[in-house]
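Naming follows writing order (A, B, C and D), and every chain is counted from residue 1.
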Amino acid sequence: MAVTDSATTFLDFDDDEYDEMTTPEEVLRKMTATWQNELCAPCLLPTQMELVEILLDQIQGMEENIGKQTDKMQLRISVHRVELQRIGFITSDYVRCRLQKIESNPHDAIDQHKKRKEEGKSDLLSESEMKFAEEYALAESNLFQKTVLEFMPAALKKMPVPRGDHDDVMVYAKVTSDDVGNVAIPDWQDLNGEVILEMEPESCHLIPFESVHQLVEDGNIQLM
Amino acid sequence: MNAERCEFIAGNSLIEVIPSISDDRPIHLISGDIGPFEAGVPCRIPVWTAILMKRKHNCKVVAPQWMDVDELKKILTSETESQGLAKLPDHFFEISHMLVRDAREDIFEVEAVKSLVQDIYDRRDAKLRSSAIEFLRQNQTCHAQLDNVQLIEASSARATLEACRQMGAVVRNKHESTPL
Amino acid sequence: MSSGDQNRGGVADKALQLVLEMKRNPDVLPPYNTELVRQCYQKIDELFQKNAAVVEKIRAGLPHDSTLLQPRLAAMCHIRRCMMAYVNERKNRIRSFRWKYGGALPASVRNALCDAEIQFFNEYSSTLARFQSNLGEGGVNLLLHSAPPKSLFVQVRALEDYGEFETSDGTQVQLSKDSLHSLPRQDCEMLIRQGVLELVH
Amino acid sequence: MIIEDNFRQEFYNKIKKGDKSVVLIVSVDTDALCTTMILTHLLRCDDIPFSILAVEGWSSVEKIFADSQEQKCHYILINCGATRSLTRLQIPPASIAFVIDSHRPFHIENVYENGQIHLLANPSEMSELQIPDLESVIREDSDDEEDSDEDEDQEYISYEQRMEKIRRKAIKREEMQIWERQRRTILWRYYESTWFSSPSCVTLLEMAAEMNRVSAETMWFTAVGLNSAMADKLISIEMYTQICVDRMRPFVHRFMPKNIVNQGKVDDLLHITFGRELPLALYSHWDLFSAMMVSEYFSIKTKNWTQKGDVNIRHLLAQLGITLHETKQKFEALPTEQRNLVVDVLEKEMDSSFATFFGTLGYCGKLSACDVARAVTLRLEMPKSETIMNRFRSGQSILRSSITGERQDRLNLNNTFTSICQRTLQVSWKTVAAAINQSEIIPNGPYYLFSCSRSIDEDMVDSRHFLYNTAGFMIRAFASMKKGRTTKPLIAMFPLTGESAGWLVVTGVMPIATIYEDSLLKTCIGRAFERVKKMTPPLRIVDDYFNSDIIRLKSEDRTRFIDFLQTVFEGTSN
């Protein structure tokens, strides 16, 4: 590709996770992979909203550049504009997909987020996603309260929060990095046993999601 | 994830074009630089840019070398002979679909190419379908290895998988909610 | 449900009617059936009183028949579950309207909602609006970019005299009835959604 | 001002700057539609936003201008706007107008208004236009003030000087009168007749070629637009052939099958070939007999509206060696060599040199540009009850359906041929036959008058294609019945029904004997109607059409209109 690998350094992130220089191209590639994973995963994956924020900045900067251009009719302007639309689509579609998942079970998302925080894992929800989940959960319970639960006898006023059960969901997973090692899947022959599978690079598997959940979060597996 | 999004992702793959305009300043896109362009000199750019420039009469698309009748015939035969799925270039179906639609005049024997790609898709789809039925019928293992599956095939198969899962849920529900 | 059962009346047939009402109108949101909902929770209350009476007898050591305690509880849960399913399905459609029409609900939809639902829509609307406002610098309208972009420009036809309209790069366009336009997709996505513009080949 | 060449620089690059919004005001006719398709293709290539407003009369153009007085935009008027002064139509002061119109002559004020209005004309026609030079028609206002200043500041002037001034003013006034009279005669000759120059779509194709953005589709649109000008009797066969030979030549061979480099076997790319075609409307979608019976040439030759008609037809067919059975069968059903044989025979009989463009797409059969042009025109002009934009859109979809491979589109196209086109030809023939058989065409001094009593299908009567073809057919048929009928024009009146009941649509056609120099179909009917409208007591005449030789007249004013027209033609009052 005539694309020169000029790593135009972009931003040094103070956030420790991004200590090495990250080019916008690298951010976009990671965003595309994350978006694809989020679309294919049955449950919420850890939030990557910083990628979205970086790309939204990039779009803003590029739009200002185009605004300054006098001759708006050249080819490069159209190419830039289409690219901005494409990036705008990925970021919006990613956020919409996550909102959909939060809305389908806000309480579960909030509890999961707190659990991961206690276990010291990476955040499931971003700050604004958490706020959204709480506000939405409140709005939803207000609705149920005013239409049904209010009229229930005392014992029936409480509703158990349904738990998302994702263990039996199968996904298509492609191994993208090299030394991924092995993965355990439930052995249907003997119920408390496990089968160990070897994950060679570039191999594709139809496999229960929970078995590869961690690998997906680490970015070693790409869902399809 | 659906076919439309697969085609969108496929748009990022690179393809060779012969520009009919010259521009010595490369275009610094967020997804990397493209160009500079020199009329008549082939260069590689993302498929979405190629289609954009094609619509503006600014370039001719060079069909990928696998998008040629003899090459496709070879793929079709290897697909028929092998049990599993043959290895195909990434986004094989989406790219051929996009080029046949938007760069029709630049593809030699576009009609033959179109029907060969369709045959290859049908052959693989039949394989995927039969292995899926087999997989769902057995209860020995909850894992199947199918290397070389294309993204677009996985996304269409996922719909059937999801349907089967819901069927299972409905059946389980029936048992639970049957009166005591 | 043969006619025989009809006069005895299944304990949860009202609840079932609620759920069927939604099933029979997949596209149009039927008006909120306050009456049927009321009958449902009155049925639950009736069952609850009966159980309470049996429990009183048990506490007082009087002769009682506790065989129906459990079935009545199961019936109460089942009716409640149908009511929740009814409200939940309506809630999901109300959410989809926010994504279809943006902040302003058309009157036809608004009239079909009960007060609690209107309040839910408003709360949901503002929650979403707040979330969108702190995305990126000046906020992002998530209703835009609803599909992978095919082309920069779309061909549209104005269905009414909308009047003056300014595109993102500042050109003024006069959207008079029955006029055709080629406009940046981004600019007219909302107008298409509100039925001012119609996509044409 | 007039732009003669380098349209890309003078016209396209100006609107490309993008500082003003681009608004296309398009007349609803096939040439304008094809021009719009090519221009919008170019605009889309360059991502230039634009709007399209379809118009059918000067009043709608005036309304558009009135509604956007403060607008700052580039108006592109297609097949309208050249023949009347746009400044008088209150074109928004801050807007610029580019006029791509085949109507001639240009209005003087449009020509000499060099800031706001730009008329696109092709270099080859500048001599035909004979535009009077500026001084002879437009008086500089400056020289009037001069006189008035002189008087104030020179009160005490000698007697001789005062006499000298009076004499000089008298001479000046006299010069003014002479200039005035000369101006009137110049303008009289300049506006005397109206005609059509080459279709606008050809100009657009050449501009697209300048930007090397010609595709098979744009070429096909031009072929259809050019043929529509023929089918609507706007340009002569000589002019049509001259355009095909000169201006279309660089493109004719570009999309021939053998020229496309990677031509495999049959693929569904659009190929355009150029070749001879029988000038018999829709014959390949019909049976030969019906096509011949409604065609001008064969009807007049066999006078098939008379009782002897049948005998003449059989006699002619026998003479040509064509069996009746052959002509009654659907043309497509005939075996190919029989088809070619019959076409050659008929072509020799009509001694026609007509050739046109054919589009082939994958497995669907060949389509001739003149049949498609006819179908598009009738979809654009009928039914009048349909809104302008709906008709514009259905004309557009028929034009597009001729170049997509889809089966459904081809069905719509064939349905248009069989239903609307054939019916229009039949109604046109019936009108002419009735007019002659019931001798409804009456000589009225300097012109013949046909005043249609039967009410014709209300959709058709308002269509330019129907009016021009029927009037042309009628005068030739009328002249073929008796000698000496070739020196007077024919005025035809048709009653309107529906919500415009009580009105007549009036058009006219020049005498057969008129000799058209440099193959331009010049007519002075429009001028005559204008002068009748100016006469007192004023008649209720609506001349809103872009073609001045079609007007609407209140039925009650019919008799006075006939008399006024008679005086105009006799030239007693100029």
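Simple rule for what comes next: a contact is a pair of C-beta atoms (placed from the backbone, for glycine too) under 8 Å apart; a residue touches a chain by one contact, two chains touch by 3 or more.
Labels paired with UniProt names: A = DNA replication complex GINS protein SLD5; B = Probable DNA replication complex GINS protein PSF2; C = Probable DNA replication complex GINS protein PSF1; D = Cell division control protein 45 homolog.
Remember, it's a predicted structure, so these values are computed and weren't measured experimentally.
Contact tally for C-D versus A-C: the pair with more C-beta pairs in contact is A-C.
Chain C and chain D have centres, each the mean of its CA atoms, that are 57 Å apart.
Averaged Cα coordinates give chain A a centre that lies 27 Å from the centre of chain C. Averaging Cα coordinates per chain places chain B and chain C 37 Å apart. Taking the mean of the C-alpha atoms as each chain's centre, chain B and chain D sit 51 Å apart.
Multi-chain contact residues of chain B, defined as those touching 2 or more other chains: 5, 8, 55-56. Those residues of chain A in touch with two or more other chains are numbered 59, 72, 78, 81-82, 86, 89, 93. Counting partners per residue, chain D has 18, 44, 46-47 as the residues that reach two or more other chains. Taken as a graph of touching chains, this assembly is fully connected, with contact between every pair of chains.
Touching chain D in their complex are the following residues of chain A: 72-73, 77-78, 81.
Within the complex, the chain B residues that touch chain C are 4-5, 7-8, 55, 177, 179-180. By the touch rule above, chain D contacts chain A in their complex via residues 16-18, 46-48. Against chain A, in their complex, chain B makes its touches with residues 1, 5, 8-9, 11-12, 14, 21, 23, 25-36, 43-45, 48-49, 52-53, 56, 58, 135, 139-149, 151, 154-155, 157-158, 161, 165, 168. Those residues of chain C lying in contact with chain B across their complex are 70-71, 74, 78, 147-148, 151.
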